[in-house]
Amino acid sequence: MKNILILNGPNLNLLGMREPGVYGTDSYDQICELIAQHAEAQGLNVDFYQSNSEGGIIDRLHQCVGSVDGVILNAGAYTHTSYSLRDAISAIGLPVIEVHMSNIHAREEFRHKSVISAVCRGQIAGFGVSSYLLGVDALLALE
Amino acid sequence: MKNILILNGPNLNLLGMREPGVYGTDSYDQICELIAQHAEAQGLNVDFYQSNSEGGIIDRLHQCVGSVDGVILNAGAYTHTSYSLRDAISAIGLPVIEVHMSNIHAREEFRHKSVISAVCRGQIAGFGVSSYLLGVDALLALE
Amino acid sequence: MKNILILNGPNLNLLGMREPGVYGTDSYDQICELIAQHAEAQGLNVDFYQSNSEGGIIDRLHQCVGSVDGVILNAGAYTHTSYSLRDAISAIGLPVIEVHMSNIHAREEFRHKSVISAVCRGQIAGFGVSSYLLGVDALLALE
Amino acid sequence: MKNILILNGPNLNLLGMREPGVYGTDSYDQICELIAQHAEAQGLNVDFYQSNSEGGIIDRLHQCVGSVDGVILNAGAYTHTSYSLRDAISAIGLPVIEVHMSNIHAREEFRHKSVISAVCRGQIAGFGVSSYLLGVDALLALE
Amino acid sequence: MKNILILNGPNLNLLGMREPGVYGTDSYDQICELIAQHAEAQGLNVDFYQSNSEGGIIDRLHQCVGSVDGVILNAGAYTHTSYSLRDAISAIGLPVIEVHMSNIHAREEFRHKSVISAVCRGQIAGFGVSSYLLGVDALLALE
Amino acid sequence: MKNILILNGPNLNLLGMREPGVYGTDSYDQICELIAQHAEAQGLNVDFYQSNSEGGIIDRLHQCVGSVDGVILNAGAYTHTSYSLRDAISAIGLPVIEVHMSNIHAREEFRHKSVISAVCRGQIAGFGVSSYLLGVDALLALE
Amino acid sequence: MKNILILNGPNLNLLGMREPGVYGTDSYDQICELIAQHAEAQGLNVDFYQSNSEGGIIDRLHQCVGSVDGVILNAGAYTHTSYSLRDAISAIGLPVIEVHMSNIHAREEFRHKSVISAVCRGQIAGFGVSSYLLGVDALLALE
Amino acid sequence: MKNILILNGPNLNLLGMREPGVYGTDSYDQICELIAQHAEAQGLNVDFYQSNSEGGIIDRLHQCVGSVDGVILNAGAYTHTSYSLRDAISAIGLPVIEVHMSNIHAREEFRHKSVISAVCRGQIAGFGVSSYLLGVDALLALE
Amino acid sequence: MKNILILNGPNLNLLGMREPGVYGTDSYDQICELIAQHAEAQGLNVDFYQSNSEGGIIDRLHQCVGSVDGVILNAGAYTHTSYSLRDAISAIGLPVIEVHMSNIHAREEFRHKSVISAVCRGQIAGFGVSSYLLGVDALLALE
Amino acid sequence: MKNILILNGPNLNLLGMREPGVYGTDSYDQICELIAQHAEAQGLNVDFYQSNSEGGIIDRLHQCVGSVDGVILNAGAYTHTSYSLRDAISAIGLPVIEVHMSNIHAREEFRHKSVISAVCRGQIAGFGVSSYLLGVDALLALE
Amino acid sequence: MKNILILNGPNLNLLGMREPGVYGTDSYDQICELIAQHAEAQGLNVDFYQSNSEGGIIDRLHQCVGSVDGVILNAGAYTHTSYSLRDAISAIGLPVIEVHMSNIHAREEFRHKSVISAVCRGQIAGFGVSSYLLGVDALLALE
Amino acid sequence: MKNILILNGPNLNLLGMREPGVYGTDSYDQICELIAQHAEAQGLNVDFYQSNSEGGIIDRLHQCVGSVDGVILNAGAYTHTSYSLRDAISAIGLPVIEVHMSNIHAREEFRHKSVISAVCRGQIAGFGVSSYLLGVDALLALE
């Protein structure tokens, strides 16, 4: 595992501003910085991408083929509805780990079901920014 | 309340052409004109945005922070499926009023449920272009 | 449109006393006064009726034939269960607009479904007493 | 069988005026007249009662004990929701026959289920005013 | 109305022997005799057919075109599952009346729903052999 | 706790006559007498009200404000459907205890769910007339 | 118990050819031979019947009255849908034992529910041809 | 691919007469003629079979083994309920293509689900008689 | 019919690489080439568009008005969730044929339901690249 | 009634410590003391048992046969899932009264359904420690 | 097959005493004696274990590895809920046959579904003590 | 965080032997060893407990109060059904992290829902033994 992508879905660009009781007060950039430090300390090249568009996220996943070895994906609310995203994960054949900052299983009913879990390697939910850091470690542990 | 946005979702650019029995024969531009007159008569600055893209609508909502005081949102069919849009409305912390030209509760079963209602201030449905005008009045009445 | 009826269902006589966090602190009489002023300012004759009885509400709707031109109906909790009320609305052939002071779509699950919406002209929900005022305007806009 | 009651529920007083495509153009009084002729021709005393109130219908059923030998009941839309009516039918211990002018099984989904059928002797639906006449004959055939 | 068919479905040939508490003790032949007398007294030609085979019942319905003016159908348990029978009733364009000896709405859950009701003229259930006789009268009343 | 109301819903006036296997042979008046003795022995003023009308029960609950300290409510079959009754209980802000003579959880499926439980203090079901007496004791124990 | 019938439903005539991984490689005739030997060794007269027609199976069950003492029934896929077959089993009043070669509870969801179980004496599933042999023994054990 | 069977289920013998708005005005024989011309032009031997009986259709499928190379199946309403037909298709191991003249997905809810699709090679629906012709071409394209 | 559009949704650009067991080994470009040859041989002008974005597909559909006579649409996983796409198909008033390379009815449960079928002319599923070719022929057959 | 058992299920040993907002601050031992005083004052011998194990509770119920005359059972969360407990209550043939300190009908959805109610004499819920005391009185009232 | 275990779940120790109409009057020990005779007559060593504890049953299953060749399991009401038991059966890799004395498919709805069937070899239900004896024979027939 | 407990539920003692394709070939003891090394390297005292008994797991959780600072819980199949376990986690007020070796969201439907997630801090699933190690790190990150 050499190159990894941290892929964030809708509204995660508003981190820090959005429902701080749920998501904490760190901004999206601060969180990226924390993840980068953690990943680079383990010798990884790390790239970041965020989009509010379902198609944009799928496009970015497609581009991973041949250039990225593993993906940490927080798909935001597309987690619960996007079968297209699920198909994209299946199609690219790379290890993808699903992460969530909040404990989605403890929130509204509609957040309990992830339609992408079945094609991800595993799920980590509920630990704030640590969910991403644990996700990086989990990617490494796959080797 | 000073600046408001009239935000329209998928297929509303085809108004006038699309199922006139349901949506009337006024074009999207004509409807915008009517809304603008109504809003400006009450001293409001009004802006318009329409997109067929879920991500585009979310992006525009994000941009409202700091520049818009209230939003009239006709999310078209994303009304019934877009939890990402719902999260965006929650995240920006501005008053959003959900409007529909048709009476969605009297149409197909899948149109009866709105996944964004719970985070909007209120819902106005069934009055054609008047739904938008009533929405503007409702925004003002929030003050 | 000349004569309109403001028809209120169960427990709305307790307005001001009942769950003020949800319904505000204005009494039923104060709210009627506000509606009357708004309607009369637009040249309408306005009548009011409130009943806790499903049959009473239906009887009153029947009496509208020939004497009333439009109805603003807040059916309270009968909204969610009364198919008899629905049949009455269909039977009288007059325009009926469904209003709710609270945003019923943001409350308990059982309040999300209205069994009368399909036979009303439209729905306005979530704006407190303004829901009635907007309803009056919506009735006029039907002409 | 000597004395029978023809008991009609909500909105049936509007017969002739209400959705004539479904219910025909005879008024409630004309229909009562036809039923009376049919019943009296077979030597029955026949009484009529109509109410839009669930409680009113239940009260009338209670009064049947000791004075009425059988009931023809068109419960209107209470057919689909009133467990209280169901309990009343059970409680009085008299034969009750459920009739409907329209074929309720061919209309909206919510009209397909009757919560009172299980405690009635039988159901006749779909024959307009003839449903009542057949109901009278069915009562007689119970003997 | 001149020629009618009394069409019986599965297991009705066992009448008299099958669950007498539910269906009475008259045999299938005795019941046919009673129906014949009743129909002929009103100047009708009446034919009878019974089959345990879904296809057999459909074949017989097809043969009605051009020779039969109305059908009394007790489809037995095919009532609850046979969309093919439903299509056959639609296809022949003749008035069909659905009858049941028992009150199907008061028995097991699976007997509460009829998939053929929506294409029949009406339903009569719960009056034993009288259900057929009332069905004949209902056919005549359609004229 | 000084003044209490024993409030009974539909069909409870027929106690003693109605399904004695389920409800026993004591009449409504005899049961009221037993409750009165029990309540008065504990120094309470007790009032009784019974109605078959949903609106009547709601009206009576409204009248409790200012004159009654606690309510024992057997809502009969309205227990399972009346959200209007539920709203009334919430609105008056008095302690209401839900009682049932029969064990509703051991009867038909539709009796298993109470829509008013969530706004009552507690539920007592299955002890015949003792359910009321235990309800009185429970009201006192709330203090 | 003297005379028994081994009654097989749709597609069981293809045994040996049909999905051998599920049903084994013995042909229908070979399986009948094994059953015959097993039954005759215990002094039973055994008859066999197979049909792909729902009506044909019902007809054969009807003929059992008076000539057969017990039935081993593998209804194939009619097991999951045929309420007509269920009624036939009830009607004839003979002991019927439901057998399946495969473990229907371990296959597709639609095979988990048998609509005939409730009127059979018992069910044996999952033992290949031994299911029939155990069924014969179970019939004998009923005595 | 040499020999193919065009297999039609219930009520398709009434084509031309049955709901012409849905199925067109060509008779069953005319449609067979069109299919025969199309198939023979491509060097195929084509046979036809229609039955209203579920068992009859299954029997005919069984006979295909060894004599037919592919089947075009319009199972009519058995499409939605016949697991026995599904098992027959699985059992014979031949390519079967499911066709429908109408767009079943745009009609009543019960027509949206096909229980045989999962064991057919593919589905073609909505093109009238062309559905059969496209089905023949699709069979050839399988080679 | 002169000008047609072959419109492909999410992940179909990965054809050949994505799950070859399901979708075959031909690349998206190779498949377009095959379709172009087939369409041009019949005198059609054919255009191609693929997008992973729901909004992008809707935009392209809107552009068809006035320039395209028919559309072959493989909406990928948006097939199962996009009511916005459904509205777009309704709005443009052009014939759209839904195609799928795989037999969606034989795959995961969530792929069994298409929310766009009801507004398409027909559906062709399960024939690999031939699904597109048959779709072109079906478009021509509409004339 | 001489000897009674107070039987408590999982987590009730933590009373006082566990969610005091729901269950109060009295410890399990303090509550047992209050119950003992109340029961002994009425001449009863009272025994107590608490277990977190489903099997342990069932074992204790079995031991009641011959030594205990009635049981007050608070089954904790096993209330909602344990059909084994339900069978045990049926098997021992002793009167069992179901009690809950909290109003289970006003809490999470999964607590609304009790699988043991149908085999208990009655249910008392919502009165804190008084639920037990009322349960003792209810047991005595059974005599 | 040399050594087998007869494993019984909750409440089966009460056999003879528990609902004799359903389970017969033989005691648990008498039934074990009958099974032992039957098994030993076929050269098997047979062991017995009964527990009311889910964990106890799982522990005993684990101990079978290396010492038992096959298991007859009557899991009582854990049949319907215990996924832990299901996992234990999968984990030990031994043939397990599910037996029930009563016909669980003819009893309460909750007894119709077995969550362990899918990992057992087969199911035998409805033959009283003979279910166990047939289970022993079925185990031997697996060889 | 000083003292942590690794708590394992049913069948996890069989690790290495149980479905190695799903759970790997390391034994329970080997896995405990790996966890211990990982935890101790971070200065934690770690204790282990495994039980197949729901009550046993609950008992052990109760004992954590006052002696343990955090819990890593793999509840096995009790994850999906044990509301008692859920209550225990709530009651003790300690941070509990839910871990699963397999990706439960990619397995059988019944494993997709966890009834304990809502009261745990977070969930980690799908990483084999690493799920435990990441769980330990997640506990530390809570500080």
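Order of writing sets the labels: A, B, C, D, E, F, G, H, I, J, K and L. Residues in every chain begin at 1.
Please note the rule applied: a contact is a pair of C-beta atoms (placed from the backbone, for glycine too) under 8 Å apart; a residue touches a chain by one contact, two chains touch by 3 or more.
As the structure is a prediction and not an experimental result, all values here were calculated from the model.
*Asks:* Using the contact definition given at the top, which chains are in touch with both subunit C and subunit F?
*Replies:* D
*Asks:* Answer with same or different: of all residue numbers used at the interface between subunit G and subunit H, are over half used by both copies?
*Replies:* Different, since under half the interface numbering is common to both chains.
*Asks:* If you tally contacting C-beta pairs, which pair wins, F-J or J-K?
*Replies:* F-J
*Asks:* For the two copies subunit E and subunit F, what is the rotation angle that overlays their Cα atoms, in steps of 5 degrees?
*Replies:* 120
*Asks:* Just how far, in Å, is the C-alpha centre of subunit J from the one of subunit G?
*Replies:* Centre-to-centre distance between subunit G and subunit J: 47 Å.
*Asks:* In whole angstrom, what separates the CA-based centres of subunit C and subunit L?
*Replies:* Chain centroid spacing, subunit C to subunit L, equals 54 Å.
*Asks:* Distance-wise, how many Å sit between the C-alpha centres of subunit J and subunit L, to the nearest whole number?
*Replies:* 31
*Asks:* Two or more other chains touching the same residue: where does that happen in subunit E?
*Replies:* As it turns out, subunit E has residues touching two or more other chains at 53-56, 81.
*Asks:* Among all the chains shown, which pairs meet the touch rule set out at the top?
*Replies:* Here the touching chain pairs work out to A-B, A-I, A-L, B-C, B-I, C-D, C-F, D-E, D-F, E-G, E-H, F-J, G-H, G-K, H-I, J-K, J-L, K-L.
*Asks:* Looking at the complex, which residues from subunit B come into contact with subunit A?
*Replies:* Subunit B reaches subunit A through residues 53-56, 58-59, 62, 65, 81-84, 86-88, 90-92, 115.
*Asks:* Quick check on the complex: what are the subunit C residues that touch subunit F?
*Replies:* Of all residues in subunit C, those touching subunit F are 9-11, 13-14, 17-19, 51-56, 76-78, 80-81, 110-111.
*Asks:* Applying the document's contact rule, which stretches of subunit D touch subunit E when the two form their complex?
*Replies:* Subunit D reaches subunit E through residues 103, 105-106, 112-114, 117-127, 130-131, 133-134, 137-138, 141-142.
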